[in-house]
Amino acid sequence: MRRIRKIWPLVVIAGVVVGAATAATRSTNLTLVAYSTPKEAYAKIIPAFQNTAAGKDVNFSQSYGGSADQSRAVLNGLKADVVEFSLAPDVQRLVKPGIVASNWNKDAYHGMVTDSVVVIAVRQGNPKHIRGWNDLIKSGVDVITPNPFTSGGARWNVMAAYGAQIKAGKTHKQAVNYLVKLFKNVSVQDKSAREALQTFAQGKGDALIAYENEAFFAKKKGVALQYMIPTSTIVIENPVAAVKTSKHIKQAKAFVKFLRTPAAQQIFGENGYRPVVKSVAKKFHFPQPAKLFKIDAFGGWTQVQQRFFDRQNGIMVKVEKAAKH
Amino acid sequence: MAEPLAAPAPAAVRARSGQSAPGIGIGIATAYLSLIVLLPLAALVWQSQKAGARGFWDAISSPEAVSAIEVTLVASAIVALVNALTGTVIAWVLVRDRFRGKSLVNAVIDLPFALPTIVAGLTLLALYGSQSPVGVNVAFTRAAVVLALLFVTLPFVVRTVQPVLQELDLEMEEAAASLGAHRLEIFRRIVFPNLLPAILSGVALAFTRAIGEFGAIVLISGNLPYKTEVASVFVFSQLESDDISGAAAVSVLLLLISFGILLVIGTVRRYATRHDDA
Amino acid sequence: MLSRYGLRCFALGYLSLLLLAPLGMVFWRTFEHGFWPAWDSITTSDARHALYLTLLIAAIVVPANTVYGVLCALAIVRGRFPGKGIVNALVDLPLALSPVVVGLALLLLYGRTGWLGPWLTDHGIQVVFALPSLVLATIFVSLPFVVREVVPVLREIGTEQEQAAATLGASRFQTFRKVTLPAIRWGVAYGVVLTMARALGEFGAVSVVSGHIAGKTETMTQYVQAQYEGFNVAGAYAASVLLAILAVITLLAMTLVRRKEETV
């Protein structure tokens, strides 16, 4: 018993030594809290930033998860210096408690760092012949999309689907009916976009509604899928902001600035994101769907969040209920 | 394993001096307990009733909550019953049978205690998921929930029944056999009544463990509201949707169910062993 | 079917299908492409930090719960105080709670908007989304083991030897060290092994309070999940194998200690 007691201090010392050895010798540590998908892009962007004068002595800690989850975690005390989420409301939520400055989106890019579009991914060879939104509600089609109450990606998906109906001339009621039919075909709702991609890659489902950059990433990783951009779909805009209460606000802001430089935007582009810097975007020949619309078409996220995704009375609550079988 | 349902110890005879539980020890013990266990739970219970009785009821009676609780209770009940059978059989084989490698098998029983639940889930997914080499794919079905729960609850009944079986006097069974009873009858009339309290203990432990299980299920379940979402995953997602009171309410409900089960089984056990010697 | 052979087949078959085959599968998948690729997966900086963090947490939790466990067992068996029954029930409570619920409770106490939140923020102490909450969560879930293993042993050995030591003039502490402790040592050892296993394997509670900061607050179990979800199945399996090996070592320790307990 005494022997066992003697070992513990050694374990702790060993642990501390190992920990110290693997800890960086850099002075500043920035914590990046982001949504689930950009991990691979940042794996390249962060070293690029560290090669610049502004980023020379900066070390990074990163956390990735469902956009809404991460946003709430920051609200609940998760220390962050830079936040990047799937959609603007997840950053906006942090303004009132004073975590993010209220003018975070008053720059040339409206606070955005990357764009994307909602696409439909299907199995290699498209055995179920899914060509667009209307094929997703056919019987026997198994659709994967994340849970709209925890995942930012899911909310983009819902608005893309809804918006496509509206743009095709349907009424609001018909569009909501479409959503019910769609969710009847949804067999799995994961917590985040990345988890949904996981599920699809594991063999579940015939179609995955996803960010273009996620489908792109999966293909790169060898997942056997192909994806199509529906003729009518939504422009996804991902916001980034430096945290006002950061201890290293200067470096945080420098990092956010770096994300808009051609170097960083180039890396985003290589990872399947549509750069917000036009000159870089031109270099990647991203396909442009015929009917592209933005969230502004429905009153912007503040309105949409309230109307569709309010936990108690949102339209999606009713849709999920009606779709349960 | 320690007897989990024993009543608190009768007041020990105090030594005049040399008593090995100084008052300060008791003080430390209860202070630690309060800080680590009581306070967080108090915060939990308080949060669950923050929205009042109405709020509590609304939270636990929402369709998704009801479904999650139902999936959990049904799967746990199935698993508890299956374990009653398989656990007893395995304990029987470990005690009464003799074969090479038996001690190895005995050690393996504790694997679910030693293996992290997330790893357990991953191992089941590897063999019985979409990449299954044997063509068995239960991923994202309720069967997967049951499978994961069977894994994590395996040791409970085995370990509660084993010591009792070991203590059982073979004489009674041999006497019955010599009087012409055949094996099934012997089991039913002599062995089983002796095992019943232990089986019930194990079943209660397995059940309460199962209703709270998270790690083993989270990779397999698929998060399907109304289909394979279990209570713990539901609480997790409520938490992440900022419905803290709702999460707390369902948590408190789960806690009450656990307590209820332990109480009921404890009573049944005491009734079943009322004729036993102290 | 009820024959000896039939029962044995059933038992072994069940165990193989449920435990051994899946575990074997993971080992196979990990080393499918050789040892070195698996080694590479497990020695990334995130993996190393996750292992370090997990061991650090265990190094704090196990001694704490061991000391507490012995004290609490003494209090329950030998002590005489009001509310003893409650203490006994509370000790068993962590076993009945879902780990997610444990995490939630901790969040409600130590989170930014929790009971102690404002006080902690004012004093610049970060509990949730940092190491302290991981330690607290792990202490909570592994609390009962040493207590429950020591209590029956204490009851069994009775107070005679301790009383004898007292009459011979030994002080309380001497009695504890030389009489009580050696008598309960295998109970304690078994409890320590169970606590260690539980601490290494904790997932649900830490998932709620950790913040998933890779390289900072990501434990080994969370690393497995993160790798799996990042399509790094090899990394997930390799980390799982590491945890499985630790589990097997734990099993060995349990078996050895149990044998010692029985022969004592």
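As written, the chain order gives the labels A, B and C, with residue 1 at the start of each chain.
In this text, contacts are C-beta pairs under 8 Å (C-beta built on N, C-alpha and C of every residue); 3 or more make two chains touch, one makes a residue touch a chain.
Keep in mind that this is a model prediction, so the values were computed, not measured.
> Quick check: more C-beta contact pairs in B-C or A-C?
Answer by contact count: B-C.
> Please name the chain that ends up farthest from chain C once chain centres are defined by their CA atoms averaged.
A
> Nearest whole angstrom, what separates the Cα centre of chain A from the Cα centre of chain B?
38
> Between chain B and chain C, what's the gap in Å when you average each chain's C-alpha atoms?
It comes to 16 Å between the two C-alpha centres.
> Taking the mean of the C-alpha atoms as each chain's centre, how many Å separate chain A from chain C?
Each chain reduced to its C-alpha mean, chain A and chain C end up 35 Å apart.
> At which residue positions does chain A touch at least two other chains?
Residues 195 of chain A each touch two or more of the other chains.
> Multi-chain contacts in chain C: which residues touch at least two other chains?
Only 107, 228 qualify.
> For the complex, give me every residue of chain C touching chain A.
Those in contact with chain A are residues 45, 48-49, 52, 55-56, 59-60, 62-63, 107, 111-113, 117, 121, 126, 128-130, 181-182, 185, 188-189, 192, 211-216, 226, 228-231.
> Show me the residue ranges of chain B that touch chain C in the complex, using the header's touch definition.
Chain B residues touching chain C: 1-4, 6-9, 11-22, 25-26, 28-30, 32-33, 36-41, 43-44, 46-47, 86, 89-90, 92-94, 96-97, 99, 103, 105-119, 122-124, 126-128, 133, 147, 150-151, 154, 183-184, 205, 208-209, 211-215, 218-219, 231-233, 235-236, 239, 244, 247-248, 251, 254-255, 258-259, 262.
> Would you pull the chain A residues touching chain C in the complex into a rising list?
1, 4-5, 8, 11-12, 15-16, 18-19, 22, 31, 33, 36, 39, 61-65, 73, 75-79, 194-195, 198, 201, 218, 221, 223
> Going by the contact rule set out above, which residues of chain C touch chain B in the complex?
Spelled out, the residues of chain C in touch with chain B are 2, 4, 7-8, 10-12, 14-15, 18-23, 25-26, 29, 68, 71-72, 74-81, 83-85, 87-88, 90-102, 104-110, 114-115, 136, 139-140, 143, 148-149, 151-152, 155, 159, 162-163, 165-167, 170-172, 175-176, 179-180, 194, 197-198, 200-204, 207-208, 220-222, 224-225, 228, 236-237, 240, 243-244, 247-248, 250-252, 254-255.
> For a test of understanding, state which residues of chain B touch chain A in their complex under the given definition.
Residue list for chain B touching chain A: 63-64, 129-131, 137, 139-140, 222-227, 237, 240-243.
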